[in-house]
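Below are structures written as structure tokens.
In what follows, subunit A forms one complex with subunit B and a second complex with subunit C.
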Partner chain A sequence: MTRTDTILSLRDLSRDFGGKLAVKNVTLDIREGELFTIVGPSGSGKSTLIRMLAGLEIPSSGDILLRGKRINDVPANRRPTSMVFQSLALFNHMTVGDNIEFALTVRGEDRQKKRARARELMELVRLPADYYAKSVTRCSGGERQRVALARALASDPDILFFDEPLSAIDYRLRKILEMEMKDLNRETGKTFVYITHSLEEAMVMSDRIAVMRDGEIVQLGEPLSIYNAPASRFVAEFMGQVNLLGVEKDGHGMVLKDLTIPLGAGIAATEGTWLMLRPERLRVLPENGRADVTFDAVCFNSYLLGSRTHLHAKMDDRTFISELDAGMPPPEPGQRIRLGFDWSDAVAIHE
Partner chain B sequence: MKREQKAGLVLMSPPVLLLIAGFLLPLAFVAYTSLMPPRTFGFTSNITLENYVTAVRESYWRPMAWSVFFALATTILTMLISWPIAKALVRKSRRFATIVATMIAVPVFIAETVRLFGAHLFLMPRGGILAGTINYFFGIDIGSVLFTPLATLIGLLYIYLPFALFPTVLGLSQVPADQVEAAQDLGASPWQQLRYVEVPIASPGIIIGSLLVFVLVLGATSESHMLGGQSAVPIGFAIEQRFNYAQDWPLGSALATVLCLITALLVFPLLSRLDLDRLFGR
Partner chain C sequence: MQRSQRWWTVWTVCVLVLLYIPLVSVILASLANTRYLRFPHRIWTIEPYREALGLSQTYDLQMTSLKIALCVAVVSVLIAIPGALAFARYDWRGRKFYQRFLLLPVFFPQSVLGLAALVSLSAMGFDLSWRTAVFTHAVWIVPIVTLIVSIQVYGLDRAQEEAAFDLGASRLQTFFRVTFPQILPGLSSGALFAFLLSWSNLPLSAYTTGVDTTLPEWLYSRMSTNFAPMVPAVAVLSILASIVFVLVWQAGRVVVNGVMERRKQLE
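Up next is the complex of A and B:
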């Protein structure tokens, strides 16, 4: 089994909710052992998609193939997959141990075996052993998360699905759990299919990412390739904090819309193309600084983001986001500054 | 005594006094009367267990057994019937739930005697609604269901279904849909989802419903009066007869006391397991 083998294939998968298509003709191959993330805003159909994969929702058309075998009609309880729910859906009337052992209980495993497996899993997800007899209602948010994870792993599933399980966790703990999720994927060697509305979260842990919008996959690729080359304006904006510059045609050729600067050589653009500039690529230029394109703007405000500082600058009513070089003192609000970028840092987005 | 404690006592005293005067005192009278010599009226100091001996010797266990049987059968059957209806009421649309709930609740507002008379007409032989319809369409004579223990049971199911249904709805509404899905996802068959998730979480409602039906049926008499005839005499009817027709209050009281004890023995262990806070979502 290598990491390039396909474990789960989606073929033209659709789900129709009374005339409204929540998922439209999704075709996708998920590889053995990878951490695959489907990311999209709420209402993009990502939850419906994962529920179909888990067997909790019936596809309207298309096929789901698990290692080449069609599993459309296999109910959730007969699929070798487990899901970690957004709400976690822990059994509140049971102890931590009973929750984790549930999949083994319904299989009729004996007590000794169940207990041994629970202990092993609790260690894997870093839950203290004395939590075994504790009621899940008395666990903290992070602990409940770990119980849900252990419970999903108990049956030794081929694929684990995650439906935004970290969305209710506070920021600091979320950052830790995101990394643990990636570690767990490596340790167990299982295929993880993860859903989130946060591209940032997806970037941290994924091997590959599919971006979803209105029931369709609009981009599929490795995190860095999506980061560096978003396929559309939607994907670019979904990642947050970017500058998008419109391109238009005037008498001489293609120019940047608001700046009326002719496009540099080597940038293939037609009318309707957008140029994406990341904040770190749009620099505040010192007195004698040089760049391919420079223009004047007024500093609106600056924001300290830990080790970095972001600056919002205005030119007419256009706002630009720039990241200051380390150690550079931020300009005062209202101060005139010179911004600049190089053509090689601009990414053309044709949508 | 603290202020709040005082306030609590003041607020609690009217219902407590009412319970003492209206419930505990009569119960004590009944218990004491059961220890009087046969056919005495009023209290004397001659305490005897003779009535209890008579109750056993003259095979009063028979109506007692019928009552317990009817109570158990009605409880189990109404629960089985309630479960799918309750599930539909909880999971389906609000509109559907309102219609079905109304259809089940409205008959409760009609006098029991009237409803049982309706059931009587329904079960009557030959010209009755059930027998007549079957005869008309299939030409089969099903004979008489009326004046059999089955008729009593049908009447009991009809009258006591709402008492089982509504607590079950309340209990089932506490079952989160995602936990049932999680159970399914973890490999539980529909039967296992029921056993490990739905029933345990809905149990306060199930216990309340079962207790209501069980206790009410244990004392019920009208159904066998109007539908069962003499085929199966329930204990409530036997007690009534001791008081009215036979004019033997002590024996009637002895039977009533035994009935109370049986009820208490079955009800209290269940009640102690009931978590009312959970039912009310606290």
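Up next is the complex of A and C:
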């Protein structure tokens, strides 16, 4: 399927909270059927943005267009969209079945039809059929997640919004649910708009990602393009676990700050540019190892991350993160090591 | 650990004894055939109870008190629902003011409040009866019930109402399908509280019942002027009545919950 038709357009959308702009002139197009993620730290305005899209918050200015029709003033209960809330907001006094059927109940659908739809949805989100009469308060975290998903899908909405629904779930289960979310997006063909503060989570499932900061979108693109070429230092740091090396001018030309190593040819840098180096690109060199740039540092500590091992090394006050090659024994804390990287692995960030 | 636990037990027993001494005294007073309250009794008897139960007046007193208490419970809850939502849920101009002054009637000495109600109600031309007592009780009890319900409203996840609205429910459907069922436990406690506070109220009733007499009013007048062991016996019966009421109420809740559960299981 080609995902080119725009389903939801945001035009210069802003939200003013008593003089403070939570969302500033956001303009973007969300495509039919894609899994679009808006990612940003807390306070970046992402929640306000999605609440405006769902109809729970009124924009101060700008327009929201659903398939070309302006829906600014359409309240949430009249929009063909559903939201999965951060707290999930399951109705605790109801059973799993009643929760899932809620959208149909308030519409006055008959019992047979509701049950059939609930069955179908429970199968889709992989809930056992005998959970139908179970109270939602007796469901586990993952099950509650599935109930919330099924409930949001019941009315067959055009768009599903997700406001960080996985943030309270433990790591292992979250990883599973992230993948299921992507699968569900493919299976249903619906447009998903997802909010998270975790770029890692966004990477796993998204077709496209918008990075938000202080109410503005600072980068928009496919996961890999954001991963490989962060547009700004903010985005690079937000991804976490990267080395950022400052560049400064000295008598001879541009050099790496602190290391006072002249920049290699082919790297376009001016004062204020940062070089981003992923941990896997900054290697601990063996005795006779070679790299374009090498320097000495002291091993601070090493951290086993499942299949990988990260090493923090210090040079003066600077900390570098390096990923050890598979099978390489980590150096002892305090041990002197030699780090190195190639110019071709460094990404220049100009903002 | 052992030692401190023993002290806790002693302390708890002391508190309980202190709380129940008056109650026990009343029971003791009702078990003698004397015209004066004194102890120990020379003759123990349950004759006062026979007398109290035979008195048709006590039946009327109980009915008046019951009528007032039930009305107050219903009225308080009906007023407390919007009151609690305004207190704990919605942001509006004047909310802070409302939160601070809601409890003012409770701080008023009840005898003053009763007198004020008496004066204003008669000035407005109302005949004083159990109905005016309902109104006056409500003035004092509604703030308390509002507070009890507010605590429940604070515990409600606002996102649930938003979720209902987002799923297509109207404001009214949202209230009846999501908000109301979730604050029901608070409403139930509030109603029970209102009932018991009204049932045992003396100062407000004394001023405002007019031609009617409630149980506490009658008890007070008979205790102070025309004492007989039958009077504490009526008091004990009244306490028993409220205990029975609480038990029935709780049992009702258990039964309703059980039925709801069964209904869900069967579906």
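Please note the rule applied: the second predicted complex is superposed on the first by the 349 of 351 C-alpha atoms of A that agree within 3 Å, B and C clash if a C-alpha of one lies under 4 Å from a C-alpha of the other, contacts with A are read in each partner's own complex, and residues count from 1 in each chain.
FYI, a contact is a pair of C-beta atoms (placed from the backbone, for glycine too) under 8 Å apart; a residue touches a chain by one contact, two chains touch by 3 or more.
Not measured: the values here are computed from a predicted model.
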| item | value |
| --- | --- |
| Fit or clash - subunit C, subunit B, common subunit A | clash |
| Which of subunit B and subunit C A:R186 touches, first, second, both or neither | neither |
| Subunit B versus subunit C as contact partner of A:G97, first or second or both or neither | second |
| Which superposed partner A:K249 touches (first subunit B, second subunit C, both, neither) | neither |
| Partner chain(s) touched by A:R126 [first = subunit B, second = subunit C, both, neither] | neither |
| Which partner, subunit B or subunit C, touches more subunit A residues | C |
| Subunit B versus subunit C as contact partner of A:L56, first or second or both or neither | both |
| On subunit A, the residue positions that both subunit B and subunit C contact, one per complex | 54-56, 75-78, 81-83, 85, 87, 89-93, 102-103, 105-107, 151-152, 154-155 |
| Of all residues in subunit C, those that touch subunit A in their complex | 157, 159-160, 162-170, 173, 177-178, 181-182, 264-265, 267 |
| Complex contacts: residues of subunit A adjacent to subunit B | 54-56, 75-78, 81-83, 85, 87, 89-93, 102-103, 105-107, 151-152, 154-155 |
| Touch list for subunit A against partner subunit C, complex | 54-56, 75-78, 81-83, 85-87, 89-93, 95, 97-98, 102-103, 105-107, 132-133, 135, 151-152, 154-155 |
| Interfacial residue positions of subunit B with respect to subunit A in the complex | 176, 178-179, 181-189, 192, 196-197, 200-201 |
